[in-house]
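Listed next: structures, encoded as structure tokens.
Below are two complexes that have chain A in common, paired first with chain B and then with chain C.
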Partner chain A sequence: MKRNRRKIHDSILKGLIYASTTVTIGILVVIMGFVLYKGLPGININFLTRMWDNETTIVDINRNPVTGENSEENYVESLGITIALEDENIIIKDIEKDSPVEDGLNIKEVPYELKEKDIIAKADKVTFRDITVEEAVAALNEGTGTIRLKVTRPGGGIVPMVISTLYIILLTLLIAAPVGICAAIYLNEYAKPGKVLNIIRFAIQNLAGIPSIIYGLFGMLVFVQNLKMQYSILAGGLTLSIMLLPTIISTTEETLKEVPNVYRQGSMGLGATKLQTISKIILPSALPGILVAIILSIGRIVGESAALIWTAGTVAQIPSSLVGSEAGAATLTTKMYWLIKESADLEAATSIAVVLLALVILLNMVSKLITRRFLRSRTGK
Partner chain B sequence: MKLKDEEKMVTEPTAKTNQAVANQKDYKDMVFRTLFLLCALLSVLSVIAIITFVFSKGLKPFFGQNAYSLTDFITGLKWDPGKEVYGIFYMIVGSVLATLGAIVLGVPIGLMTAVYIAEIAPKKIVALIRPAIELLAGIPSVIYGAFGLGVIVQLIKKVSPTGQGESLLAVICVLTIMILPTIITLSESSLRAVPKSYREASYGLGASKIQTIFKSVIPAARSGILSATVLGIGRALGETMAVMMIAGNNIGGLPGSLWDKIRPLTSNISMEMSYASGRHQDMLFATGVVLFLFILVINLILIRITRKMGNEGSSN
Partner chain C sequence: MKDITKFSVKDLNLFYGNFQALKNINMDIYKGQITAFIGPSGCGKSTFLKTINRMNDLIEGVTVNGTVTLDGVDIYKEMDAISLRTRVGMVFQQPNPFPMSIYDNVAYGPRIQGIRKKNTLDEIVEKSLRQAAIWDEVKDKLKKSAQAVSGGQQQRVCIARTLAIEPEVILMDEPTSALDPISTLKIEDLASELKKDYTIIIVTHNMQQAGRISDKTAFFLTGEVIEYGDTEQIFNKPSNKKTEDYITGRFG
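On to the complex of A and B.
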């Protein structure tokens, strides 16, 4: 009797354990499935290589007919391009080698190279609306010398967000990695138990628990408003640096702890100073662990949104300075949020999610690889 | 000020010994030692700065001329910045209920999964599940939000009596998923830390594997599981982006059922930050202060538990 009851009891609990694990793994599968199902159709070469916004430019082109034969239909001889009609727009379908459109100049006299798929909206005085291809070819061939084109380069790509994300990763690590590593060195190599150490540990533990939206508030108040950085990559980078300090410090400290004490004693015994021991012995052997800490941080920067929206902004542009209005930058994640919230475009958002997932998986794999190598070399010794 | 004094106290004795054997190398050591210390103190400075700035702006509307009543703010059931009405009590309730729900669902599921990984699964399966959990932990919260909006909200819409998908239930579901990795990883490591002798003793007394796990291993790992739970509470309470997309964010009224909309504290802040100014912006910071106080309490509890765990570990 008793034995039977125990058996039933055990199987119920065992069932619960298996069910829970299935739920956990099932959730991951469903999320991945959802993101891939919704997002993959939106991913193509244009999505990965184009700017986000349509970009309209006035370009002056010095006509210089390309020598050689081209019998293709709708070939504009004077410019060395083939045009076509697509979605009621005249687009550049093909560009010959050495075509003058490669040396176009915009209004500021800065070189602007036309590319395939660019839309020609106007040529000199002729607006290309409700126009046949033949008429467009005629308009483009008309006259000699310089021709002024109004060209729209279609957007819809994630290039600015990828570059902004990279900038913010670089900036944040440039600030947080040295500070975090130095702090970890102090905590593990120098600090003696006492009040200072307790206060520092208490502060780090608290920093780790603060939600990112609070970091966002702080960054907006201090960096964006008080220090007048505006929405900028520097304000975002500084905010994220503070946020990542606990991660970098504690991961680095863990690695420093794993460096065997024999190394320290050996080095000191040979007459090295503490500083020499740290820089020549401890840091090199802790390097893989520090790398893992940095990769972990990159993962968090890539995924962060709440702390970045109010510090780096949501403008999809390639930032050209550290602070000011040119420095605002949407990362992949903040843009994804913006797409869902402001334009209710779940498809485009999930396409970005596919890219984000690929990044996260890649980072996880790299950190695994380093850890495995590192562990093997340790046990090998 | 107090901090600086203490810093001196620690550095002074070593400074004296350094002077005794004064040579250039020691001097260099000193400089770097100070540099390392300053870096470590930067984290203290950051905490102080965050608290000072957020609190000073968040408490501004309740003091001075034309002050807003703090009681109205804390106990109010309506948020209408256009009419200068700022009440956040219903948001506190929403946040707490959502967090509670996520813990009630997430801790058992997470713990059971951790039991499977740590005690039952063969090594080959662990090698498959672990990366999956790490991936779950690494997915950005915005993606969880998109998933909640695209899947969970749509499902709830079909069965909800209100016909609305954005609800307390949706928030609970997404938060449960989001805290799972935290609960699983921390519980797993605390289960693994339970000494083998516990299991052997239990088997020796004739207990089955399941009985051993539930009667001896889990109780021995309870403080680790507890700290995982507290960490989960902190994460659920502070989660912003995913929650904001699926909560509904109503402008007033306590949630009466799982189908009702809620407006968590975090999403109140991020919803209106982009256009708020003046008192309205201060009030959003005040919401941040309330959230911060909750988090501080949770941090203190967590630090206490981990300290206790450390003591237990050293006494073993």
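On to the complex of A and C.
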């Protein structure tokens, strides 16, 4: 009787566990499948290698007769390029080696190299609208010496967001990792146990639980407005640093706690100072845990939107300074948010989602690898 | 042979907060001998050992009064803890090799003291491992993790690590309590061998061990030294009833 009941009990429990597992994995598969199904078609070389916005530039090119023969159709002899008509635009289809378009200068006299797929919109006085390829070739071959081209480089790619994401990761970690690790070392190795320490720990735990939009608001008020950084990667990086500090501190402290006390005693007993003990024994032992904390932080930076939208902005550009209008930068995630909200361009958003998923999976694999590698070297096998 | 005083302890009291763990200890410890501390659990043996190389400094809320001198120099007033610990090395109850190679473990102390030359380090490592009677067992795996050898070998690596800083005194806190009988015997032989060059103080719960290897024995009880003298005398003709009870196993 009793045994039978226990058996039934067991099988019900087992059933529940299986069911929950199936549901979890099912949801995961559906989400991944959906994102991949919607987003993969939008991913191609252009998406991965181009800027986001179209970029129009005036370029001066010093024509010199190109030596060598090219019998291709629509070959522009004086520039060493082949052009073609695509979507009613004249585009550069092919560029010869040593072509002068590689040494173009924009109006600020900064080198600007033309690339394949660039659209030529104007050559000297001739606007390339409703024009045949033959007419365009003639216009480009017209005259000698310098020719002024108006060139549009098509966008639609995620390069600026990828680079901005990397910049913000780097900046945030550069600020948060040293500060967080030092704070954890202080709390665990130096601070005297007692009320003050408990209050600090309590504060850190609570800070870790604050919704990121509040950090975003704080960052906007303090860094963007009061400190006049404008929407910039520095404002974003500082905001994220503050947001991540509690996690980095407590994760690192956890790892430091796991370093056996006998190592500390052993080291001090051999005449090492406290600082030597920390740098030579404690930190190396805690390194894998610290690295994992950092990788988890990277994951959170990559996935963060609320704390960044109002601090780093949503401009798709490669930031060229730390603060100011040139420093605004949309990360992949903030751009995705913006696309859904502002332009309802769900296709592009899901394609970014695919890239994000790939990135997160990569990060997880790296953190696994690190943990495993370190565990192996520590046990000496 | 005349006894030369290495450590001299006068009127030593130690408190953990309000709790008095050591009471009015007076004791001379002699050079080139093995001194054994025996006594029931919690009587203050480890505490006393740690006052001798100031490892107690690392614990919050410890107050020490009285004097401890090493070669006539007060270790609390006239010496800094770091240089004291390079003269008075310590081997712990649990083997505690660092998570690094055997070589790096033994070279740790010398490196801390600024020795960088590979040749010098090689020599120190080999000499220390030989002295600790473990060279032959590990000479082919110096680059292997020190935690990947047996417990007895780990403890001898730890002894080698202590020897590498060339201390004058070696403190051993129950160095064999975590080891099997064969490893224990090896460490005991090693201790007897080492006393030619070093002064050794060993805490042990093992009466036979104290009897086998030590020259002097101190019997501790609730923070006091009840009796201190030649091991032979303590074990054969203890002058205190409590000592006799403890040694004959009628106690604790």
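What we mean here is this: the second predicted complex is superposed on the first by the 362 of 381 C-alpha atoms of A that agree within 3 Å, B and C clash if a C-alpha of one lies under 4 Å from a C-alpha of the other, contacts with A are read in each partner's own complex, and residues count from 1 in each chain.
Methods note: contacts are C-beta pairs under 8 Å (C-beta built on N, C-alpha and C of every residue); 3 or more make two chains touch, one makes a residue touch a chain.
Note that the structure is predicted; figures quoted are calculated from it, not measured.
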{"item": "Touched partner set for A:Thr273, first chain B, second chain C, both or neither", "value": "both"}
{"item": "Contacts of A:Lys341 with chain B and chain C, given as first, second, both or neither", "value": "first"}
{"item": "First, second, both or neither for A:Val35, with chain B first and chain C second", "value": "first"}
{"item": "Chain B versus chain C as contact partner of A:Tyr112, first or second or both or neither", "value": "neither"}
{"item": "First, second, both or neither for A:Lys192, with chain B first and chain C second", "value": "both"}
{"item": "Chain B versus chain C as contact partner of A:Ile281, first or second or both or neither", "value": "second"}
{"item": "On chain A, the residue positions that both chain B and chain C contact, one per complex", "value": "192, 273"}
{"item": "Residue numbers on chain C that touch chain A, as the complex places them", "value": "53, 55, 58, 60, 82-83, 85-86, 89-90, 92, 94, 96-101, 108-109, 112-113, 144-148, 158, 161-162, 165"}
{"item": "Touching residues (chain side chain A, partner chain B) in the complex", "value": "6, 9-10, 13-14, 16-21, 23-25, 27-28, 30-31, 34-35, 38, 178-180, 182-183, 185-187, 189-192, 194-196, 199-200, 202-207, 209-218, 220-222, 242, 245-246, 249, 273-275, 299, 302-306, 309-310, 333, 336-337, 340-341, 346, 349-350, 353, 356-357, 360-361, 363-364, 368"}
{"item": "Partner chain C, residues of chain A touching it in the complex", "value": "192-193, 260, 262-273, 276, 280-281, 284-285, 377-381"}
{"item": "Touching residues (chain side chain B, partner chain A) in the complex", "value": "3, 6-7, 10, 25-26, 28-29, 32-33, 35-37, 39-44, 46-47, 49-50, 53-54, 57, 108-113, 115-117, 120-121, 129, 131-136, 138-147, 149-151, 177, 180, 184, 208-211, 214, 234, 237-241, 244-245, 266, 269-270, 273-274, 284-285, 288, 291-292, 295-296, 298-299, 302-303, 306"}
